[in-house]
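Take a look at the structures below.
Heads up, the next two complexes both have chain A, just with different partners, chain B and then chain C.
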Partner chain A sequence: MSISTQPTRRTIARPKGVLLPLALLVLVILAAFTLLPGLIAPHDPIALAMADRLKPPSLTHIFGTDEGGRDVFSRIVYGTRYSLGVAIAIVFASALFGVIYGAVSGMARQGIDNLMMRIVDLFFGFPALVLALAVAASIGRGLDSVALSLAIIWWPGYARLVRGEVLRLRERPHVEAARALGVSEMTILRRHIIPFVVQEVNVRVTTDIGYALVAVTALSFLGLGANSPTPEWGLLIRDSRPYFGSAWWYLVFPGTMIMLTATAFSLIGDALASRRAA
Partner chain B sequence: MKLRNGILGLALGLLMGGVSYSAFADDASTFVYADAGEPSTIDPAKANVNWEFTVTRNIYDRLVDFDLDDPSKLLPALATEWKQDGKVWTFKLRDGVTFHDGTAFDANDVKATLDRLLKIGQGQSYLVDDIASVTVVDPKTVKIETKAPTVFLASNLSRIEMLSDEDIAKHKDDLGQAWFNENANGTGPYEFVSWTRGTQIELKRNDKWWGKFPEKPFDRVLDRFVTDGANRARGLEGGEFDLANFVPLDEALRIGTSSGFHLVEGNNLWAWPAIYLNMDLAPTNNKDFREALVKAFDYNAMVQSFQGKAEVGRGPVPSWFPGSPEKEEVEIKTDLDGAKAALAKSGLANAKMKCSVPAGFPEFRFAATVLQSSAQQLGVTVEIEEQPFVEAITAIKSDRSNCFVLGNANLSPSDATKFFSAHYLKGGFYNSGKFFDQTLQDLVAKLPTISDAAERGKLLKQAADIVVNSHYIIWTARPKTVVPEPDRIGGYRIDPAEYINARFWEMYSK
Partner chain C sequence: MVIAFLLKRLVWGLVVLIAVAVITFFLSRVVPADPAAFLAGQNASEETVQRIRVEHGLDRPLPEQFASYMIGLAKGDLGESIRTRRSVSTDLKQYLPATLELLIVSFVLYLAVSFSLAVLAARRPGGAVDGAIRLVTMVGTGIPVFWLGMTLQFFFFYKLHWLPLGARFPIRETAPPVVSGFLLVDSLLAGSLSAFLASLKHLTLPAATIVVNLLAVGTRLSRAALIQEQSRLYVRTARGKGLSPNRILFKHILRNALSPILTATTMQFGYMISWVILVEVIFDWPGIGLYAYQSFQVFDYSPVIALAIVSTAGFVIINLVMDLLYPVIDPRVQSVGS
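Let's turn to the complex of A and B:
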């Protein structure tokens, strides 16, 4: 596993045409789903309605219904806060810890830096998703265990990224000048290094949310995430599999939502990266 | 970028999973069966799940068979005659039967098989655990003495496969468990050829079998391991498989009514799913609380989820089973007012409980969801936790969970006491909620000793009433077995004493 150890220096083309506005639109919709699910979802996402079992998309149920007659669209709307919420939490928690860890490592004496980086290497020594599966399985099923297991594999990437940036920035003239003026290391870190590092991290965070979403839903799909009848997107796909031949909508719409969300975050991340490179 | 690639690879792999089966049945004489799992053993003394029975039932024979249309009617198999005299049963064996390795079948094989089965004490041994001794009278006659008179011995022997005493003697160190786990030498209609781990078991037709094959039988059988139900359905529909085990019901109905297929339907012994309530852990240790759950449960939702191919049971013994008291039992149906009254009596308003569900069974998960939704109407919160089977059953057995979801059945075609032994008697493996009633224990012990069917029926009703009135179990539905069979195949019949079965010796190509 590795999230790149070097700050993004490659040239990333800014998404062209309507792609970026579309990605922003998806983000707005997701935000609305997360904040106002009760206003958007037309049906109860949990209550059974057997008379409507596995009904195809219609005006009443625009994404069709599942094996319990529940509205798939409503379940997707309510599921946003679980799937996307957990993905965002994983990336933010990883970024926060990784930034602190990487900054301390980058500013520390060589011996401590070496030790801290060897610990990071330990995490890189395991195949990332196998490690996440093992951690989640040992903690027990649930979205909280998925979040913890993915955060555990995610933070070392940020630590290495930030440590590399700190090492580069600490040799820059403005930092050398501050040091010559007797400014403390903590103040240098806070005022002259972290603000630059954060810009790199912002780009990474944005694109990582999409990847984390795919990882969360994958672990849920494998049976390690949310429990029924929580409308988490990966669980929706897992539950839909026995019915794929007779109810395509049940699998396709949650799958499409995952794809659109991951793509939107990726495009916005690219846009941020290209703006920063420019 | 390895992490990202890994995630994308995993996602792609999950989407593409299971579409790797590309070999089609190469000729009309080869039958490809999509089984729901790979056997952990093909030892008949230990086999206990359908995908193990697929192999053992076809390679080995039993002393007696039974009529699939009337399970109370026994038919000759390796034994041609049998009679009961008190505790002693005498079986006359068929002449001219040989094992696949050419050795002759005789009474020593019966004795060695039953002695070994009872020593191992696994698999289906519970069906014949009342055997006290087996005596070889002569090569074609064997006497079996039971601990108490039992009218059900011959019926239960219709499930017990006969092994070669020479094989047992040759591998006696561990009772032959290592050898029989992965080798097989029976007298049955198909011979074991090979086991390719993770892929398939191959069988070939035994043209020296004593029984009769239909015209155009299958000379070769490939028993493929396809663990995902959706993949079994897709493979069956696409022609890759000739028949499949446990096709999800919606897919079975869709495929079975499409062009080139027909549906085979029949009874089975299962209450599926059945929800076991923990008798030792609050709040389900309160009888009134359990009654509230039983009465609140939305049975119609379950029947609808089976698309009408199910009924609601009234007790542990299905109505079609020989001697079943079910028709005299009170109908079990949703009664929300009764549930509220029972809950008020329990004094457990707003109670919370946890339900452990073995992962991988959509019907189990759905039944738990229905319980959750039904209980919510009473103000009771049910937390559902899907876990691997062993963890789920351990959770309720060790009082970490209030309920557990599983099927509820037995494998005997006419011995109703076997419904009770594993599920409601002390020490029964599936008695996960630790139900105990001494009267029931005594009744079940007494039932097989009674030769008068009417008297037996009376006691059986008493036994069933004890379980029903305890509200220990919610029998959510009794689904029918529904199997889509391609029109190019004939001969598939449902064995009512097994949820899904595959009697390859009865099947043929058209």
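Let's turn to the complex of A and C:
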């Protein structure tokens, strides 16, 4: 039985007004944080300064300091590379593998297609994050194992999306025309199907980066990702647990950063989707 | 037809369970360079590792190990925890009721709130209520559940002192005798209203965290299903013959939109099982998520593997129950059958 849970095109409204420009602004800021952290961060993200321990936000430390006297803002700036970088890596790797898998499945004979899709279905039968947790715990701690474990649970979504698109596109007149002209299946896939699929995948990738960021920080929060003193966003929140009752800034800013980033990507994804529908 | 459909789903559920068993076997016996050292934990001596190697049959060939692993699983043997020095299945029996209580309460709350919000939003798509809900749900999907939980703790415990920081029951008071394992039920059975209120207070923040997190995605999906249904021809007919908007919504649209909403809800359950671990960690809620978390903090991994198996089994059961519900809420499913 197949009942679609995806919102149809019509129900995706284009984000109106100031939201989209704001989302783009967030993206620019994130890019700056990733590429030029040294220029933006006013303090060293790692070096301890016990005299400045748990200071509230001020002009010298706009986001306050942590239990080691380190500047929270600088740690967030430097952390962008880790948190967002890993999230983007996960989504790109999953999308690449998923596109190949889905395209092969969509073009293959029915028996193989069926088998390949049953394997994908399997992944939807597991509670995904628990599986990732078990994988990450088994292969050892670190951001690389977080990335690998999340990529393992992430690609099936792309495989399913791409296969559906390939099956739809295969019946299109332009593909049938190419086939009638004797163009090989491989070329049809490469030149007449994949370019359309990629547009669809782009939308999904954009939205997914936000979700992947939340998942990465969640695993880090549980202690499976980066080790202290790496300024990874999820780890910052983990480290704030003993102190946030009296040091609100330590909790508020890293979390807000995750939320802003995820929302920005999801808004831009929606904008891309509605532009495709228009 | 329905029987054939259900049989098919049942077989599929079994396949999922076998797959998760294969994966966990792979993770615990093949991925680590030395599985015995892995099982023994980080600070184990060479003798302990050797003893564990023989005890668990890790010196035997892999196919033989796999067979005994599967037989063990079938008997409910989930290995042993180094931290608690008990069998994982005994531990799980102790911690499972807390998790179930939290999940059930959150899920019922979530269904009620999400459904009402979706109906409100779908009444006038593009209207003010719809816009507000859309914005809230969009920001909501980006909120990390652990951060949301801590923010609630900050306000309701540290600032307002209204609700406890964590745990299931006040430490200084005696919990009601265990009957069902659900404190809300047990305290009522013991006839203690104050114990009931105390457990309710402890449950509020963890449940609220889960509900808010699920709402974001859930309302979006339910709203999409409702709006899609609204554009159908039968709705136009109903409007054309002059039925009131409320009657069209409740008698026609809702009934037809129910099965996509149910599918979305099933998916939500998968997320919920995942997020509950984080919520238990933040609120010190003594369920299976916190149990697994505390174990892998000290490099004790059997509980994590067990959690993967148990939660998948739970998810399979939920999926089967939902499959049973489809023909009930939507008779058209019977004729499709596959």
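Throughout what follows, the second predicted complex is superposed on the first by the 267 of 278 C-alpha atoms of A that agree within 3 Å, B and C clash if a C-alpha of one lies under 4 Å from a C-alpha of the other, contacts with A are read in each partner's own complex, and residues count from 1 in each chain.
Note that a contact is a pair of C-beta atoms (placed from the backbone, for glycine too) under 8 Å apart; a residue touches a chain by one contact, two chains touch by 3 or more.
Worth saying up front: this structure is predicted, and the values here are computed from it rather than measured.
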Overlay done on chain A, so just call it for chain B and chain C: clash or fit.
clash
Give one of first, second, both or neither to describe whether A:211 is in contact with chain B, with chain C, with both, or with none.
both
Should A:149 be classified as contacting the first partner (chain B), the second (chain C), both, or neither?
neither
Touching partner for A:83 - first (chain B), second (chain C), both, neither:
neither
Just to be sure I read the superposition right, which of the two partners does A:245 touch: chain B = first, chain C = second, or both, or neither?
both
Contacts of A:67 with chain B and chain C, given as first, second, both or neither
first
Given the touch rule stated above, what does A:221 touch, chain B (first), chain C (second), both, or neither?
both
Residues of chain A touched, compared between chain B and chain C (which is higher)
C
Per the contact definition in the header, classify A:46: touching chain B only (first), chain C only (second), both, or neither.
first
Between chain B (first) and chain C (second), which, if any, makes contact with A:129: first, second, both or neither?
both
State whether A:94 touches chain B only (first), chain C only (second), both chains, or neither.
neither
Now that the structures are stacked on chain A, which of 169-177, 187-195 or 223-231 shows chain C clashing with chain B?
169-177
Common interface residues of chain A - those touching chain B in one complex and chain C in the other:
1, 3-4, 127-129, 211, 214, 218, 221-223, 241, 244-246
Show which residues of chain B lie in contact with chain A when the two form their complex.
1-4, 6-8, 10-11, 14, 228-230, 233-234, 237, 248, 250-251, 253-255, 298, 300-301, 304-305, 357, 359, 362, 365-366, 368-370, 372-373, 383-387
What residues of chain A sit close enough to touch chain B in their complex?
1-4, 46-48, 50-51, 53-54, 67-68, 127-129, 141, 153-154, 157, 211, 214-215, 218, 221-223, 227-229, 239, 241-247
Seen from chain C, its contact residues with chain A in the complex are 5, 12-13, 15-16, 19-20, 23-24, 27-28, 31-32, 38, 125-126, 134, 138-139, 141-147, 150-151, 153-154, 157-158, 220-221, 223-225, 227-228, 231, 259-260, 263-264, 267, 270-271, 273-275, 277-278, 281, 292-293, 296-297, 301, 304-305, 307-308, 311-312, 314-316, 319, 326, 333, 336, 338
Touching chain C in the complex, chain A uses residues 1, 3-8, 10-11, 13, 121-122, 124-131, 133-135, 137-139, 210-211, 214, 217-218, 221-224, 234, 237, 240-241, 244-246, 248, 251-252, 254-255, 258-263, 266-267, 270
